[in-house]
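Next, two complexes with chain A in common: one pairs it with chain B, the other with chain C.
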Partner chain A sequence: MNKRSDQSIWLALTPLYSVILGLAASGLMMLLLKHNPIEAFAQLFGYAFRDIYNVADIFAKATPLILTGLAFGFAFRASLFNIGAQGQFYMGSIGAVVVALKLGFLPPVLLLPLCLIASVVMGAAWGAIVGMCKSRFNANEFLISMMSNYVAVAIMNFLVRVPLKEAKGEYPQTDVISEAAWIQSLIPGTRFHWGFILALAAALLAYVILWRTSLGFKIRAVGMNRSAARYAGIDEKKIFVIVFAISAGFAGLAGFMEVNGIQHMVVQGFNPTLGPEGIGIAILGNAHPLGIVLSGLLFGALKVGGNLLTQTTTIPSSIIGIMEGFVMLFVVLSYFVQNKVILAQRKRRLAKGEDVA
Partner chain B sequence: MMITGVLMRALQMSTPLLLGSLAEIFVEYTGVMNMAIEGIFLMGAWGGFVGAYLTKSLFWGLVLAMVAGVVIGAVYAFITVKLKQHQIVTGVALNILSGGISVYLYRVLFGVPIIPLTVESLRRIPIPVLCKIPVIGQALFNQNILTYLALILMPVGYWVLFRTRLGLIVRSTGANPEAVDAAGINVERTQTLAVLASSAINGLAGAFYSIGFLGMFSDDIIGGRGWIAFAICFLGNWNPMGALVGGLVFGLAESLAVLLQTSGIRLVPNELLIAMPYVLTIIATIARKQFNVPAFLGVPYVKERS
Partner chain C sequence: MSNVKETAVELRGISKYFSGTVANDKIDLEVKRGEVLALLGENGAGKTTLMRILYGMYRADEGEILIDGKPVTINSPYDAMNLGIGMIHQHFTLVPVHTVVENVMLGLDGPYDPGAVAEEIRTLGRRYGLEVDPYATVRLLPVGMQQRVEILKALIRKACILIMDEPTAVLTPQETDRLFDFVREFRSGGNSVVFITHKLNEVMNIADRITVLRAGRTVGSIPKVEASESALARMMVGRDLELTTGQPAKNVGEVVLDVDNIGVISSRGHRVIDGLSFQIRQGEILGIAGVSGNGQEELAEVLCGLRNAEEGDIRVSGKSIVNCAPLAIIAEGVGYIPSDRQSEGLVLDMTVAENLMLKGSSDPEFTKGRFLDMAAIEENASRQVHEFDIKTPSVSTRTKALSGGNQQKVVVAREIAIASKLLVAVQPTRGLDLGATDYVHRVLLRERDKGKAVLLISTELSEIMNLSDRIGVIYRGSLLRVFTRENADIGEIGLLMTGIRGESNE
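On to the complex of A and B.
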């Protein structure tokens, strides 16, 4: 509480400045293609909020992004780096699609929960392997989770090319899952589905685990000072595995959202940037569940507007990656500025003889 | 004949991994991890192709590759060394940004070509007499300039690191920055220069993928190879000779995978072969027990004020 009170309202808005600066920097890149960036951004946000369908699409796009954001952010609270959200997402997708294909005769009340559980379990198991490598062998979790992405892609490519290939046998994709396994739309005729509510619930769950349970206390203790946590009797090795399983479970759940909510099948190499974007979202949201939800919505809007912008103008779609990269970079820079400002404020108060906690 | 081909390709595939891991070893000894390595590889591949295509000269391709690498490295050094911000987070941001910028600038320069643009790749330089040695002659002594450079740089790097004053400074900076500071050597400057130098070498390594043998650029041209080079630095225990062995093993693995893919023998699915280097990295990372980690790796050095 104390820490918050000596930060002014302006300081609380730093993520917003980072976003504006990041978009401005990407605007300079648009000038290279002789596009007026102000017009382009007006167009981008105009498209994103043009009609109910597009606004609904923002929520649809934000849903998996919030989850991969949580996948990085949750582990980040334990000072662990889960770079493997992409692979965990693919594993979750496989879990969801296999259940939906093989048990398609079940009624939705049974089928949907089963798909959800399968996706979370598959993702969590894939992530727990990374956690186990970390705790058993003290391996570098950054490297292992990074490499696990490429392995997961290969596994998915194989499964979709051979055992799960569509009945027609034409493309490397699975059959369409039965309608009983589709997540219902919240607003009929749009892609805004119930999954978004589930993603919010997941964010709430992450918050509750981290700040309202003893497990969360241990996780944050390990994150702040590993040796102090160890002396306090916290089994950090167990925490590594648990954190990776939970983090990866979020990413796996994103697989359920995309397979059952949007695609209704698995296509080789679909959504290839969900994982890296989740990292950006988590950093922009300061690894806090609420921040992650808001950043996820912002990235969703950038995606919806950006896609339409690149379809209707000659600006290439790689501009979306540039926007994300610049925004992240400015967020990192803003941490520096923020610390400087807070330090200066405290010094001023100290000089005035006020008490600084 | 087949063995020669496999060895030849193994050396070829290991070239960028050797360069990248050597660069990473040097920079990590100063206490900074170059986490932007994957993005710098990609920018290097982009710079190599663009430079070579626009000037019709591979030399300028290599120069632009180094420049592109150094630009990303400079941003990385500024944020992590000067402003002391988080290395992994900064690296992730720069990798995403590099992915966007390289593809975007390729588009700005060339539009959407109907057939992929190509340049002639680096020519092989057979070394007289030696290349006539049976089996290994062609593999070892008929490679392009970057492969020779990588093979020479590994022992040279070892010598510089462990036998010269420069190497001592580099190693001390990551092991005991305070002592280095007390000796009157600027820690931040050493770290910054190390990041810039490693980025230049990483740019060259990236260029190997675009103009070393393919002669073209695509957005997925690196596909995690930067991280493999990063891993080899760990696996080689921060020793250039260890990294040499590691790099060659990975090169051989990639070469065998290519052989099995093209041979028509379907013992195992292709995807398994593609995944092999990554699985190998995981296994090697787990199996590696003794680490020679620089004491202050990843910890920003903050000079105490008097």
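On to the complex of A and C.
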């Protein structure tokens, strides 16, 4: 019994091995580029944790990543693939920026909650369309949500070029929103803002919905056995729409974080990889809210350290993308290996005549 | 036939492990030329696994295979066929939209002339009594005919060792007789047959020798002449077992379920249920017998709200439930034990406690507002686990870790709690061992004696005959006749199952 729980601890650490292997593999890439990987990693993490500003920046970078991670992870619990987090994030950004621009005269205590609500509602509505296509026409949600990204990009491009274009009329971007709509820093002088606390609250909310509510029970039942859920009287078509709305709401909230917390405006095509990175983060975190928070922080650290590394050395900036890619690759591989290891262990015990319950 | 027969196949020390279980544990097996070997064992004893190893579908983890005394390696069914081994699977491996000839040719080496193959099919068919039209589309053939095509596929590949995996499961008694004629004819040509089954009467009918497997091990191998049904049953289960036979219902009360002339049209536009009517009263079991695919599945789905009826009405205690949502029907006190517990009855990745409340996620009993009442869920689970003697390490164990019998107990426990008026059970003992089967039967009878109405839909005629107070025979979506327990005649029921109406009157 003790032995077995030891083993499960080792298995639970597989994401960690994957991270290490992923970093090692990108180290090999650096060797090919004639850089010393050990030195580079020492620099990377050195930079990431050099001063309070950089550490704070890790949290700032992790905030939207946690939310797009939740967007994928939440839907994944219902066996649905939400590939549309990028578009949902953009729709959320539009919601937040429109409210901030048009109602900028309101005091922060009213303006901020309104921006937040607008971003979540816009994201959720955009995602609900995907859910409705799935339940009404039995459309493939993977493809529909992926395509919805392109539509969202086109809508945003139009808005920042025509109706919401800055007063100067120079670039495809909006005006800067009034300071009343800015999310306050937690630590003055850094970009670590209240949004991170909200992201943690969102992760907690996702956990509570999934494992403590009747709705979450239905979502998980649909996710794990659609046919049995149908026999149990669970209306899967309703669940599809609700799940997509909630999960897209998380991605929409990321729009509020980035617009009101960091950018203070919307620029055409900003943060173009938040959605895809959210998928990797959700997989690295095993689609569990706590895992998603932790892997979001890891990706945040890679971004902060990586940015500084490529600014101060001749290592090309694409190395950060390569690192992230390798980590995700090894995570996906690890699930395969993990299953093999568990099966092999069972076979060995069975061959010895032990009971496996 | 000479007295000392040569050995055709020998398996030595075959072991196979699947995740969580030993499917085969050092099994030895011998099949002689000109012999029908019955491989007998309960569901899950490892019969099919062992034969799939011989047929090259699985690879053994240990052990060796000898054909005609020579060790061989069989890596695929292709290798097996080249060694003269053919297998008739429980679920056919035919291409439904192709013709018989096309199916038979599929996978044959070299260019073949369809005309010549068709002629060969006719010749073999005449010789073995397996006539079938070579140009018929397989999809349109009855199940018994499709099985003939499977057999012809093996014969054309010159199989001399034929493995048949529960071939009678889909057949009527009459079709079974014809299959047995073929097996005898085939054997007389010096060929060997391995006949996988868990039905004792078939073993006594067809086998020359019987090898019994239990829990992945060989229990013994005896000639038929030395065997008796009771001795074989003991070998299979490892103890004496008397199958429960229900006493006739005593207190039959009000009509609970009233199915009134319903008609159902499938998504493909076929009429799958046609003018079906019956009633069940409190305290009685109505058994519905029939060959699978005659509308049983659709009837069950209409009853639990997963399918709409185009015509007719269904009333539970006078209240119409036809075309209502599943939840509304559950609320009327209708419990439902589906035929496939793993895909329809349980969420295997959820815990035992979660599965025991699967249908109650909106029920105030298990919820506090929008939140789950974890204490109530756990309390309910502990009570049910105790009451139904579900063997599980804890209520928070994932259901997939349980044995088949205990998984079914989880379904039965939950559905009986729901079924305050009516319990619908479809193939409730499919894939269960004898002990678990007997348990389920006892529970059904107990619920009946408590005054519930029970609808038992099963293709196992013995199950229907043992438990039912009245027996209806379903054929092409209609009930041909309803027998009372006293005048039920198995021969006549068998004929009705094939659609032949009996001469005698009630």
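Just so we're on the same page, the second predicted complex is superposed on the first by the 336 of 357 C-alpha atoms of A that agree within 3 Å, B and C clash if a C-alpha of one lies under 4 Å from a C-alpha of the other, contacts with A are read in each partner's own complex, and residues count from 1 in each chain.
By our rule, a residue touches a chain if its C-beta (ideal position, glycine included) is under 8 Å from a C-beta of that chain, and two chains touch if they have at least 3 such contacts.
Being a predicted model, the structure only gives us computed values, none of them experimental.
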{"item": "Chain B or chain C, by number of chain A residues touched", "value": "B"}
{"item": "Which of chain B and chain C A:E324 touches, first, second, both or neither", "value": "first"}
{"item": "First, second, both or neither for A:R346, with chain B first and chain C second", "value": "second"}
{"item": "Partner chain in contact with A:L290 - chain B first, chain C second, else both or neither", "value": "neither"}
{"item": "First (chain B), second (chain C), both or neither touched by A:F336", "value": "first"}
{"item": "Which of chain B and chain C A:F217 touches, first, second, both or neither", "value": "second"}
{"item": "Which of chain B and chain C A:Y231 touches, first, second, both or neither", "value": "second"}
{"item": "Partner chain(s) touched by A:I38 [first = chain B, second = chain C, both, neither]", "value": "neither"}
{"item": "Residue ranges of chain A touching chain C (in the complex, touch as defined)", "value": "212-218, 220-221, 224-225, 227-235, 342-343, 346-347, 350-351, 356-357"}
{"item": "List of chain A residues in touch with chain B within their complex", "value": "29, 32-33, 81, 83, 133, 137, 139-140, 142-144, 146-151, 154-155, 157-158, 161-162, 276, 279-280, 283, 316, 318-326, 328-329, 331-333, 335-336"}
{"item": "Chain A contact footprint on chain B (complex, rising order)", "value": "75, 79, 83-86, 88-90, 92-101, 103-105, 107-108, 219, 223-224, 227, 230-231, 234, 269, 271-272, 274-275, 278-279, 281-282, 285-287"}
{"item": "Chain C to chain A touching residues, read off their complex", "value": "15, 17, 19-22, 61, 304-306, 325-327, 329-330, 336, 338, 343-350, 354, 358-359, 361-362, 366-367, 370-372, 374, 393, 401"}
